[in-house]
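Next come two complexes built around chain A: one with chain B, the other with chain C.
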Partner chain A sequence: MDFFGPLFANLPVFLPVLLRGAGATLVLTALSGVVSVAGGLGLAVVRTSRLPFVSQIATGYIEVIRAIPVLASLFVIYFGLEEFGINLPSLVAAVTGLGMIGSAYMAENLRGGFAAIPKGQREAAASVGLSPTQVMSHVLLPQAIRVAIPPSINYAISLLKDTAIASTVAAPELLFAAKGLVSQFILPLQVYFLTGLIYLAMSLPLAMLGRYLERRLAAGVLQ
Partner chain B sequence: MGQLLDPVPRVRVEDLTKSFGPHTVVRNVNLAVAQGERIAIIGPSGAGKSTLLRCINWLERPDSGHVYLDGELIGESLRDGRYVAIGERGLAPARARIGMVFQHFNLFPHLDVLGNVALGPRLVLRLDKQAAQERAQAQLERVGLTSKLHAYPEKLSGGQRQRVAIARALAMEPTVMLFDEATSSLDPELVGEVLAVIRKLAQDGMTMLLVTHEMQFAQDVADRVVFMDEGLILEEGPPSTIFRSPSNPRTRAFLRAVLDRERTSEIS
Partner chain C sequence: MNLVTLYQEHLGDWVVYLLPALALSIEIAIFSILVAGLVGLPIAVMKMSRSRPLRYAANAYIEVLRGSPALVQLYFIYFGLTAFGITLDALPAAVITFGLNGAAYMAEIYRGGLRAVDAGQSHAAYALGMTPVQTLRYVLLPQSWRVVLPPAGSLAVAIFKDSSLATTIAVPELMNQATLLVGIWYTPFAVFLLVAVMYAAVALPATIYIRRRDRSRSWAETA
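So, the complex of A and B:
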């Protein structure tokens, strides 16, 4: 079986289609990432609330969401909500689903960050006269975020790959583009090989960034 | 007119009690600190010294009793004859007037030296960035650290960290300073530089309460020494009395033990 012949012959056709898909994958990753970070920050802060009822709601959300497979939650949002007359565009459904799950993971990462902060930090900040909100925004959160960066980069890498699941709700990302090509050209091996390479090319820089930040953080000089 | 009133004490602790679970750590303590007065609180570990100090700015919430700063209630307000706790947000303005220095420095590791000291003036006193930094710089000069403005805490020695922490508290221009075993976690050779800074503050007339294990320093700096054990103030008086002829047997036993230890460590 010739692998490279058809691959190179069709490259001019495959590549533009797949790169367009890759662009959409990056957009989807970025949007889901933004939702995850914002949601995660919110959840993490709410979770530190001294009102037990409030923090328990956040904890409950985090535990439940993390227990649901990405695919299942996407199906619920995309197909399930249709039953109630809510028709979300596939991209919106994908960002919502991935963002909801991402928020839970980000909140967990930040919780680790908060747990790593000595109690004296809050006390020192309070003793200077900072309000509780200022203690959070200027003392605790910046430190928690530093601790949360390496695991969050890892999450971004898995998010990048998880966006492939959005192809099941017809979001026009890389894997969806690849599937289209496969059904058109019946060259699954070549198309998916190329697709894999593109995923690799996107996640490697992220992994390198992650390792770089981890080194900087370990040295304690990330400012 | 011409009326002689007792001046309002800078800090007044009234009948203060604090427990952690079944352990009562501070028992019905009363203490008045006059303006410019320097009080050293000594006693065995677990005596409640630090807890008493931390109750003054309400880092620990007293179970009963009250704290006044310049005659104003701290941490509570009086409503219809009842004391109502005012919560963390309400506490912030009073805490800004009470400087505190901790045993473990508690500098903010994500900010450089200047950032650590300027944070309070910028956020609490609402100074603009430049004014806050100028003020921070002035206080860092006072503690002798102008060469380290842009260093991060982890690059500093323990003594330097504690001096930054003192500058951070001073930058708020507090009316009283609380030192909670400020030299206890320092290597012996670094204790001196921190004590020198505190000594200078004392000479400048700063009102201060020091929980300390440095007996010689307490003797030199304090106007009044308070001996605590098991949550109670057992004895207080001028350092000459407390250190030379303490009347309470527990004070005597404590001082003998401490001074023996100091002597032994000098020999070894």
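So, the complex of A and C:
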């Protein structure tokens, strides 16, 4: 069995197709990441609310959504909503699904950040006359975000990998492009090997950045 | 069609139909975490060894398996290995994939557990004339369970959710049987929502249980 022969012979065909797919994967990751950060911030702030039920609803959402497989969420959004006449393009469905799930994980990361801030800071900020909103935006969030950055980079890596699941709803990303090549060339070993390498090339720099930031930020964080 | 009337008519039948599939999903998770636990240990030991080639090999395994999507690894093992004349059935292919993928995470979990044991313990074991394997088996591992079990439990839950990916290679697990139901009834929203709830009904209590046990530290006594 010759592995490298067919690989190198077809590389000029495979590589451009897969790299275009990788570009789409990065776009999908970035869009879902933005939704996750925005949603996570919102959830984390709502969760600190002292109104009855409000924080419980946020907590319930965070817990339940993290207990559901990505694939199931994507199927509900992509195939399920069609039943109600809502025909989302696969890319939009993927960003919605991954963003909804990511929001829950980001909110959880931020909670870790809030938990790291001593209670006295909130009290001190209130006692110098800052409004609750100002306490949140000027005192708590800036510190919480700092603590939340390393776990969020880790989340970005799993998000990048989870975008592969969007291939099941025909989102035109890297794995979807790979599947197309496989059905065309019947070289699954070579194509999926190459696909795995491209995912690695995208995730390893993120992992290194995460480890670097973890060391950097750990130094200055309030203990 | 109205969701409520739909569930009133079919919920019982659907759940009865889907329960064996849910059982298979749980079985996949159990067998996969067992494979992960078995394969992960030697990798952790290799990563902690003094030999540089062994350390590099363990590192490469961990980085590659954690840096690429499980779905790509599944396709590689199920479709790709046929090029070597290795044709696996879908179910073993899924267990092997999730097991080998999980082993990369388990290796890091074991490493954390083994490092939490005081270095004096292994020095004392060596001084008593125990071999490295005996030291690991009788001295280090038993003491590391307390640290290892909670994240290993979380990993098992993560694998349970990932087992839904096996539907793409036609393993008759929960997600797969759900798509069959959708094919019969054309009610994707109702069915996929039910399936999402079924996944959460297993994953959420498991997660909460693990979190409680972890906090109460009672695993120290049971293990």
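Simple rule for what comes next: the second predicted complex is superposed on the first by the 220 of 223 C-alpha atoms of A that agree within 3 Å, B and C clash if a C-alpha of one lies under 4 Å from a C-alpha of the other, contacts with A are read in each partner's own complex, and residues count from 1 in each chain.
Note that a residue touches a chain if its C-beta (ideal position, glycine included) is under 8 Å from a C-beta of that chain, and two chains touch if they have at least 3 such contacts.
As the structure is a computational prediction, the values presented were derived from the model and not from experiment.
A.B. asks: Thinking of the overlay built on chain A, is A:Ala124 touched by chain B (first), by chain C (second), by both, or by neither?
C.D. replies: Touch partner of A:Ala124: chain B, not chain C.
A.B. asks: Hey, is it chain B or chain C that touches more of chain A?
C.D. replies: Comparing touch counts on chain A for chain B and chain C gives C.
A.B. asks: So, does A:Phe185 touch the first partner chain B, the second partner chain C, both, or neither?
C.D. replies: neither
A.B. asks: Overlap the chain B and chain C contact sets on chain A and report the shared residues.
C.D. replies: none
A.B. asks: Across the complex, what residues on chain A touch chain B?
C.D. replies: 118, 120-121, 123-132, 134, 138-139, 142-143, 146, 220-221, 223
A.B. asks: Using the touch definition up top, name the residues of chain A that touch chain C in the complex.
C.D. replies: Residues of chain A touching chain C: 1, 3, 63-64, 66-73, 75-76, 79-84, 157, 161-165, 167-168, 175, 178-179, 182, 187-190, 192-193, 195-196, 199-200, 203-204, 207.
A.B. asks: Please give the residue numbers of chain C that touch chain A in the complex, ascending.
C.D. replies: Residue positions touching the partner: 63-64, 66-73, 75-76, 79-85, 157, 161-165, 167-168, 175, 178-179, 182, 187-190, 192-193, 195-196, 199-200, 203-204, 207.
A.B. asks: Under the touch definition given earlier, write down the residues of chain B that touch chain A in their complex.
C.D. replies: Residues 57, 59, 88-89, 91-93, 95-100, 102, 104, 106-110, 112, 119-120, 123-124, 152, 154, 165, 168-169, 172.
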